[in-house]
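Okay, so here's the structure we're looking at.
By letter and in written order, the chains are A, B, C, D and E; residue numbering begins at 1 in each of them.
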Amino acid sequence: MTDIAIDTPSRPKGWLPGVLTILFVAVYSWALLIAEEDWEVMGLIALAAAVVVLGLFTGLGNKVKASWSAHEKPLNLGALIGVLAVIFTLSDQHFPLLMLTTTLLYFLASLGLNIQFGYTGMVNFAGAAFFGAGAYTAAVFGNVEWFPPLLTLVAGGLVAMALGLLLVYPIVRTTGHYAAVVTIAFGVLFKTFLEVNEILGGPQGLMVNSMRLPGWDFNNSPTLFGMEASFYFNYAVFAAILVAVIFTFVRRMERSWLGLHMDAVRLDETAAACFGISIHRTKILAFLSGNLILGIAGALYGMMISFIAPTSFTFSDSLLMVSIVLLGGMGSPWGGAIAAAIVVLLPEKLQILQEYRFLLFAVLVMLVLLFRPDGLLPRQIRNYFPGARNGQ
Amino acid sequence: MDIGLLAQYLANGIMLGTMYALVAVGFTLFFGVLDVIKFSHGDVLMLGTFAGFTVWLGLEAAGISNPWVQLVLILIASMAFTAAAGAAIAKYLVLPLKKAPPLNTLLITLMLGTAIREAVRLFYPNGSNPKAFPSLLPDASVDLGGFLLRADSVILVVAGLGLITGLNLMLNRTRLGLAIRAVAQDEETARTMGINYMVVVLATFGIGSGVAAFAGIMNGLYYNEINFGMGLLLGLIGFSAAIVGGLGNLYGAILGGFIFAGLQVVGSALLPFASAYKDVFAFAVVIAIMAWKPTGLIPERTSDRV
Amino acid sequence: MARIEIRGLRSAYDKADVLHDISLTVEEGRITCLLGSNGAGKSTLIRGILGLTQPHSGQILLDGEDITRLPTHKIISRGIAAIPEGRKMFPKLTVTENLRLGAYQVGDERTIRARMDSVFEAFPRLAERRDQLAGTMSGGEQAMVSIGRGLMGAPKILLIDEPSLGLSPLYVKENFRIIEGIRDQGITVFLVEQNVRQTLAIADYGYVLSGGKLVGEGTAEALQNDSAVHAAYFG
Amino acid sequence: KDTVHIGFIGPLTGGVSSIGLGGRNSADLAVKLRNADPNAKYTYEIEALDDECKPNVGVQVATKLAANRKVVGAIAHYCSAVAMGTVDVYHKFGLPMTVWGAVLPDITYGNEYGEITRVNGTMINQNETAAKFMLEQGYKTWAVIHDTTDYGKGHNTYFTKYLEEGGGKILGAFGVTSDQQDFTAELTQIKQLNPDVVYFAGLTPLGVRVRQQMDKLGIKAVFQGVSGIKSDAYFEGLGGELAEGSVTFLEGAPAEKLPGGAFFLSEYEKAGYDSAPEAYGPFAFAATSLLMDAIEEVGPDRKKIVAYMATVKDHESITGPITFDDHGQNTVALITPYVAQSGQWVVWEDSEYASGARKLPGKQ
Amino acid sequence: MTNSLLEFRNLTKRFGGVTALDDFSMHLNRGEILGLIGPNGSGKTTSFNLLTGIYPASGGSIFFDGEDITNKSPRKVYEAGVVRTFQRSRLCLPLSIYDNIMIGDTSRLKTGICANLLGRKAFRKQYEETFEKARSLVATFSGNLADRMMEPVGALPMIERRRIEICRALISEPRLLLLDEPSAGMTHDETDQLMTDILDVRARGEGLSIIIVEHEMGVIERITDRCVVLSYGRKIAEGSYAEVAADAEVQNAYLGVD
């Protein structure tokens, strides 16, 4: 035993701020999801802004951060429970559940992109293409009788990964802006190919069969406590669990030697190579695992939305996904969660503004960036085992 | 394929290439000075073109109808307007984010692009519909055996290439050019040399955006049609062209622009009954070029060393 | 006569205070040196004079005029030039272009040429490599570019931050000779150096900085004989 | 009076927003007029949503409407791919929805959903008439430019089918992306093929560019468009001279010729919307009025409205009588040919072209 | 087995028109500390770059422990046991001290996907081991940093960064350490202390060989067994420091005659 813990306060940091945050966020998202009237929506947006400002200036934000890093595991679990609780309270509300699930799946996609450019520094402007690849795979395999739907999800990921394989050679060779062009080109190519080609439904798109688990079709509405729930309830719960699982893995990846290698490759390839890190292996691993996640998210999204067409996976959709990562803060998974909510829910909640909504959305995002240039929740320094004594 | 057709393709390609190159130049300049991707470039171009169009409407209303006078006034007005817009973007959106990850600049300019596009669509009178841009250049043409060589195309190409060459000279031969390149590499040391950092950055963004307006007007004069979405694709292609050509110097932008134009023309000429695939083809070739030359066709001289 | 006068300067990065209440003067036509261990705040002081770091409080006077909040390029135009710490090159510019930037505020081409020639005379290495990208030069070669660039401005006051870092012993000697030569031309020099022995050999007056506070000052001889300075730096 | 909620969906942002906005304004106008009518049993409130012309967004907003029990019916979609994606949603939730603009046949014919009806014709009707009409004019050869969206591709498919059945010849077909700027490469080839007619399947912005560049290359063929170019914007983008002699086809009777239609146009003018109704505004108006008629008749009840829709026959509307077949498709497939004359779209029969005072290119 | 650990045979490197290394041959004995000195731009850093596989050689060959490693990838060279520091510090500034040091230890870290994602117990074990190891190494060089292992390197002053960089190189217990001007920017005392620390670490393990590039002659005199002097890419002298310092050519080209 050594005397490390000199400046670590012996009193453990409280879990209360974390729990309160979860409660607040849960109630808030519930309210936001069901808000319909203009004044409700505007009020809630104003409330969020006020809370953020308050959190920044009173140091409340730091308290939450500290609390979270001291009790990460239970609080993460708490967050999952929070999400599930919101899902249950909304169980018969189709539309809020649809939006919630969409948010979750975009969040999932942002996790994939985070591995790619948050950790490894490989920009990917074809996120929507890989997401779409997953969805199209789900459409194709979903129609094959004997193909187990759960595997379809995996297949979606694998196909996206395989498509990524096509790009591996140029991607590994290029860096920075040059790599950006490779993915941009691929994204445009992917969408145009789907559009001009009739095999996969052409511009009209394809139906996607619903998700099925053994003995359970997700298109059926489950009955909860005697009440009929929305069929989106299935997807919401499933997505929440999927996100939790993949989140855990992404976190583990970040907090492992693999994540360290990714950071090293991003920050200084030459030095990394001089210390035995394989640049190629690291980049390929990051690119493919990112695409795997994008593909899985896309597959489930396709099954839920049940109809896909090339116009849903355009360059601007890719940019939307990139926005989530940047807005949240590069390499910061929780930031991605918040940003996904903003990017998915805000335009929707702004429907009341009709044709003005994108203008307003764009202006809001610009304002956020001007005040938080590093994103909403900038990435924290790596801590392999948060809360562990060594870590402090 | 007969000569006339071939010549026609060539002429088309050159025209298109010049236009792409003019857009690409802007991207190269912005990378050059601040190492940022300014995704709103295409939309700024569109804004400049609409500004020019508005001026034209005003001139018509004021009864000034000499096409050359109109042309000069339109160009001056739209380039000045866009240059000011570019400088404002640099000052209020790009510079404040200098310390943030460079991709965040991309996001903010991306959003700005959306905002500009939507604003024109919503607030320009009848902005969601295409507008008929006047043809102010002489519409004389020579028929060279099935191939129509048009005076306006020639003027546009010459003007465009001349502008790029002039810019390149400016960048490589003048004090301002030297300052631009210095600022790009090390802001603080550049200031220590007595360079007025802010002025140089704003000037670069102004120039790059002004060139975009030029490209936009050229686009309008050539196609006689402008619309609020015109910048989107032009921006995307300009960006790709800049990169494919290489960020080494402005000639990379020309090369990239012409390659892109060539790919599209060849794509639709060689794949006549599958011309829908021409973009697939063009972008596939772009990927291949990047795999072959990972830093573009005219790469920067590298200065990395260990 | 005092060319630069600093009064009660305080500086900080983010939250950490770096300079506490510094007052010093740099006299006309002399080499004034600033000694201090790593992280003492020497470079911060230089940056403060150049207007690169805004001080919290205090004043910087140049020939009696307050320049504390002037933008850097205005300060440079008053006849100050700097050789910054850590051989800050423009890596993608050639040696010649780097040198030219040293004379950025000089318009006349002939003057620039003449100065460049004298730099090449002092550092023949640079003449051999005039078109090489500065970024690909060896560490010491880059230091030469940096010094040469500082001379290009033909300033009235030259601020030098650790110029001999990474230079070979031969060039270190050469370097000090050059600095002496600069002084002999009547240029005022403010020199920050790690190499205490050689610095004090050419300097006229010196200050000692420690932990952001001035802890000593005096003529070079006095400092050389000062036991505290001696103990700290001569080892 | 009780308030009844109805929904409107269309593309309110993005490239085809002018049509979406025209549709929304027209639907809005119908509601306003009805609310001003003292005989109406209910007060109507319209909730307009934006589908961005993207299927996934379409499904989202359709779900939003359909899941909202207050909403009893909807008028939706201009983009066919979006409608294809959302029909299942309406069916699942039992929300009656009337299409106001999308023309893909499968939207009504691809399913057995009673909830789905459509007031405008399909591209089948339109292209059948178009092919026949143009062949009657004596043209023999065509070159086709279509955008690669479902809209352009679909039109191309049906037009080619009917044209070839009628003996016309397609010399070449070129797919282009919907945001393409430059068509000189395609048009250069078309010039080489030297067709009588250039058939263009796509929307106004693209059509303007194609027409414009045809002129630049000196192609003298007739420019034949689809309903997508029947807009005022076509003239705004081209100027009257270049547009002159373009032909297009639109489902429904010409609004200005029907008494209700003229009323619609003047009321639209009066209401002061800042964008034109565009080609499909009248259909949105008609669909909205039909829905409100149904509600007046059977009450604000989704099931009853669906049942009512199945019985609609010769229902008066500003686009002519509406009769739904067993797929909910309006069978009064009246298709009107238009020709561009002196800066506006003129019904063919009334034009100087029909009378012989002016001539389409290539005619003696 | 010969006594020579490393051998350059007629090594040549050209950059365009510049010949940075010109037919350079030398060897390093096991356990030796060799000073590589010479005027600026004489090719010292370049020889490190060729050795560690960053640049391909234009001619000649490099043997390490009897094996030809000419033009091997940096990774292979590292795996053979050669590590270096850089003339301009190259740490990953946003990462913690611990992270930076761990980057130096990749050969021993388990980098399998399953091991990292699934075997968290084993991972934790390795983490705790390496943490202790890194901590004690850091403690050798800079006592106060040992308690700040999780702070970002970017917040540290230059001199501390240099120390961390040396820790990063030493953590993998290499066989050959290449130091490129480790003392640049340090005062006398600090340089002295740094050298003492390096020798300390060396004494703990067995037979670490070192090549050091330095312009501070005091350092060279104190710690090297032998010196090789380069000028314009050629070897102009070789021998103990006293020998080379007495050489007229070396004085002329490098030391400067007083």
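Simple rule for what comes next: a contact is a pair of C-beta atoms (placed from the backbone, for glycine too) under 8 Å apart; a residue touches a chain by one contact, two chains touch by 3 or more.
Keep in mind the model is a prediction, meaning the values are calculated, not measured.
A.B. asks: Return the chains common to the contact lists of chain A and chain C.
C.D. replies: Under the touch definition, chain A and chain C have B, E as mutual neighbours.
A.B. asks: Find the two chains joined by the most C-beta pairs in contact, please.
C.D. replies: A-B
A.B. asks: Report the chain whose mean Cα position is at the greatest distance from that of chain A.
C.D. replies: C
A.B. asks: Between chain C and chain D, what is the gap in Å from one C-alpha centre to the other?
C.D. replies: Centre-to-centre distance between chain C and chain D: 75 Å.
A.B. asks: Between chain B and chain C, tell me the centre distance in angstrom, where each centre is the average of that chain's C-alpha atoms.
C.D. replies: Chain centroid spacing, chain B to chain C, equals 43 Å.
A.B. asks: How far is the middle of chain D from the middle of chain E, if each middle is the mean of its Cα atoms, in Å?
C.D. replies: Averaging C-alpha atoms per chain gives centres 74 Å apart.
A.B. asks: Two or more other chains in contact with one residue: find those residues in chain D.
C.D. replies: 13, 17, 21, 148, 175, 177
A.B. asks: Of all the residues in chain E, which ones touch at least 2 other chains?
C.D. replies: If we look for residues of chain E contacting two or more partner chains, we find 45, 54, 86-87, 90.
A.B. asks: For chain A, which residues are shared contacts with two or more other chains?
C.D. replies: Where chain A meets two or more other chains at a single residue, that happens at 192, 195-196, 270, 355, 358.
A.B. asks: Can you tell me, using the touch rule above, whether these chains form a line, ring, star, complete graph or other shape?
C.D. replies: Graph shape here is other: it fits none of the named patterns.
A.B. asks: If we use the touch criterion from the header, which chain pairs count as touching?
C.D. replies: Applying the touch criterion to every chain pair yields A-B, A-D, A-E, B-C, B-D, B-E, C-E.
A.B. asks: Considering the complex alone, what residue numbers of chain D touch chain B?
C.D. replies: It is residues 13, 15, 17-18, 21, 148, 172-177, 179-182, 184-186, 188-189, 191-192, 204-205, 208-209, 212-213, 216-218, 231-233, 236-239, 275-276 of chain D that touch chain B.
A.B. asks: Hey, which residues of chain B end up touching chain E in the complex?
C.D. replies: 306
A.B. asks: Would you mind writing out the residues of chain E in touch with chain B in their complex?
C.D. replies: On the chain E side, the touching residues are 45, 49, 54, 86-87, 90.
A.B. asks: For the complex, give me every residue of chain A touching chain B.
C.D. replies: 117, 123, 167, 169-170, 173-175, 177-178, 180-182, 184-186, 188-189, 192-193, 195-196, 270, 315, 319, 322-323, 326-327, 330, 355-356, 358-359, 361-363, 365-366, 369-370, 373-375
A.B. asks: So in the complex, which bits of chain E are touching chain C?
C.D. replies: Touching chain C from chain E are residues 15, 18, 38-42, 44-46, 87-88, 157-159, 181, 184-190, 192, 215, 217, 253-256, 258.
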